[in-house]
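Several structures are given next for inspection.
Both complexes shown next keep subunit A, but they swap its partner, so subunit B is in the first and subunit C is in the second.
Then we have the complex of A and B:
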């Protein structure tokens, strides 16, 4: 049973090495992580040179704080990073379903649990590795160029954000297993993530204790080093939701008829 | 124009180098992959132009939408 899981996991791993996902997704995250502190550092020069300001304008930009730059980095990850991750993995089950390879796999005595969890673990390892690499670069450059903040705050904030990534990636996998169109998987996942962030921005009281607040909590770690009440509820609710989504997907996936999906 | 050239000389190149190198790596890998595959989604020469000329996003777009998985 365990060896089957390892085989499926290795298959995932090999596949994403062959189509360069292990190369380009971490590279994109590192680039995003590098750009934020460097543009913050040069922002005054950039505006002066290319901003088209009238001659003699005196710019008084307050230098950004380290927490601001790290928050900005997470903002980049939430936008471009999530877009890239979701688009790269929206087809992880759907395309196998539509091409008919899924049937070839499941004809053999492969358990759905192994099939889905192998994909899930691989997806998480790839996305979290990319996030950690990108964020470490961002922290390094921020400390070098801008400002240092206590490393424990950085680590805590990053861990909370990693849970938020885990949550979103779990949605991608579950929807990919249950729906039949890649576009709809991407649309629904990004829509959910955006709704969570918008609501937690404008109605934080309403969203207390939901996954949507995780990004806010990681910012609070950067700025203050401590979080408001409701933090642990959020963490446990998110962990519970991830577990519930995985169990529900495995259960529903089991019930689905695949034969009719393939012409 | 002279101002721009001066500002390029003021740029702290060791700082910028990692960004340039990684962008270049991304571009070269996308380019090799694109040329090696006979079929892409859409005309191959357009993808090559996109990869080379659209900075940063070109290779990403190719990897996301240009590759065929079969």
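Then we have the complex of A and C:
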């Protein structure tokens, strides 16, 4: 039933256009992408003008490297960007479930696989498009104002980071399908992402081969153009986890009862 | 062969039994009512039929001509239908039709036809979020019907509506009987009497009375006389108390309600009764008791 998948996908797409998610989420990412290179470039001037430094202070800030700026951009995406994405999509299934629109859909001969994967693909397209737009902005201004680094390093780093986004967004969808509260979906997703990041920052050896290292690997691409061992394990483990989460969610979703007792 | 037959259908929620082993058989081409007070297990039963709930025990068999996913042959209107508020009425019905497998063109023309049928042709382009309760109910019926299901299941279709909306939906249901089979739940006996052919009365998760409306009426309805006179009737009533056609008398000064066994005999005897004539008749009315009495008796 491929055509049914398309119908469900189109519904998601139209919904996100009508409630302007397709406008404001990419906008947030573009702004985040712009800000990092521009503030890095003008930081000395900004401090001079507004920093309240005593008269006559000589500012000698070493100019940041291109890799540093791009890493900073991804840092922004990981914080504000993820927050925006998770808040925008935490209710993707929960809300339909709680409002009762879900049963109106599932009482039609709708395959649960189609229902969930249509949402998943739409979610990924919107978040990855936003990421690409924002990151392209960042790269453009970094090259223009600061420094250039080989384009292949940039692309590799971005691809690895895109997988990290995919992983986090899959968690949002799966939790949204399985839990009953939007707040808990957001809390659990952001919590997982933060735990992964913290552990891979302070105990990288422990986190070797997990999705948590992906952001670190993308930085290594920017700085060095090559990654340490364990990279491919991380990639495959992440892909495996994404697949496993989707299969498990579809399986559990199939067993769920959606009609609520109103009595 | 019936359209749907359930055998020993049971649903338990954490130990409490909501539906206790009921056997339903829904005939094709007619309107069936599932009648009962709130909490009788009507909604739970309907949810199991639609597949939105899994029965704890028992089986549901659909007509053998309609194999595969049962949902293809069912249209469903929940008690509180919820739509995507950002869609227009027409968009929603088209969406529902496409989900059920209709092609884009077919979906569009069927959706328009259905909106016309339920009287929403004008409001089709309005956002659903701006619909009134009655409009939402009718939109719900349109989306349930759009893929030409063999059976539409309506959960309390008129309960939440004002008198006008209620009348509209009941009239609509009468029209729909010519197109498809209907199964609907209600706690209002009058609605069931008005549109349905078969009635199942549920109480505390069990079916207590079932049968066709005609059969129930014949079994449980009795001919009744309402008599009103200028003078008090108590003494006269004493004289007829022994008549074998009389079943039950209720008297209030100069008004009396007589439930009788045989309409013909009772009428002839009453009208030729000299004493009654002397009491100066004001009103002499022949009627039938409604099923209300049965319903109340069952529900006690």
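Points to keep in mind about this one:
The rule we apply is simple: the second predicted complex is superposed on the first by the 260 of 263 C-alpha atoms of A that agree within 3 Å, B and C clash if a C-alpha of one lies under 4 Å from a C-alpha of the other, contacts with A are read in each partner's own complex, and residues count from 1 in each chain.
FYI, a residue touches a chain if its C-beta (ideal position, glycine included) is under 8 Å from a C-beta of that chain, and two chains touch if they have at least 3 such contacts.
Note that this is a predicted model, so its numbers are computed, not measured.
Looking at the shared chain after the overlay, A:11 reaches subunit C, while subunit B stays out of its contact range. In the superposition on chain A, contact of A:31 is made with subunit B only, not with subunit C.
When the shared chain is aligned, subunit B and subunit C each come close enough to touch A:99. By the touch criterion defined above, A:23 reaches subunit B but does not reach subunit C.
When the two structures are aligned on the shared chain, A:88 is found in touch with subunit B, with no touch to subunit C. Once the two complexes are overlaid on the shared chain, A:49 sits against subunit B while remaining clear of subunit C. In the superposition on chain A, A:108 makes contact with subunit C only, not with subunit B.
On subunit A, the surface patch touched by subunit B in one complex and by subunit C in the other comprises residues 19, 99. If you check the complex, the residues on subunit C that touch subunit A are 13, 18, 38-39, 43-44, 47, 50-54, 69, 71-72, 74, 76, 78-84, 86, 95-96, 98-101, 143, 147.
Listed in rising order, the residues of subunit A touching subunit C in the complex are 1, 3-4, 7-8, 11, 15, 18-19, 99-101, 103-110, 257-259, 261-263. Across the complex, subunit A is touched by residues 3-4, 7, 10, 15-16, 18-19, 22-23, 25-26, 29-30, 33, 56, 59-60, 63-64, 67, 69-70 of subunit B. Those residues of subunit A that touch subunit B in the shared complex are 19-21, 23-24, 27-28, 30-31, 34-35, 38, 41, 45, 49, 84, 87-88, 91, 95, 99, 137, 145.
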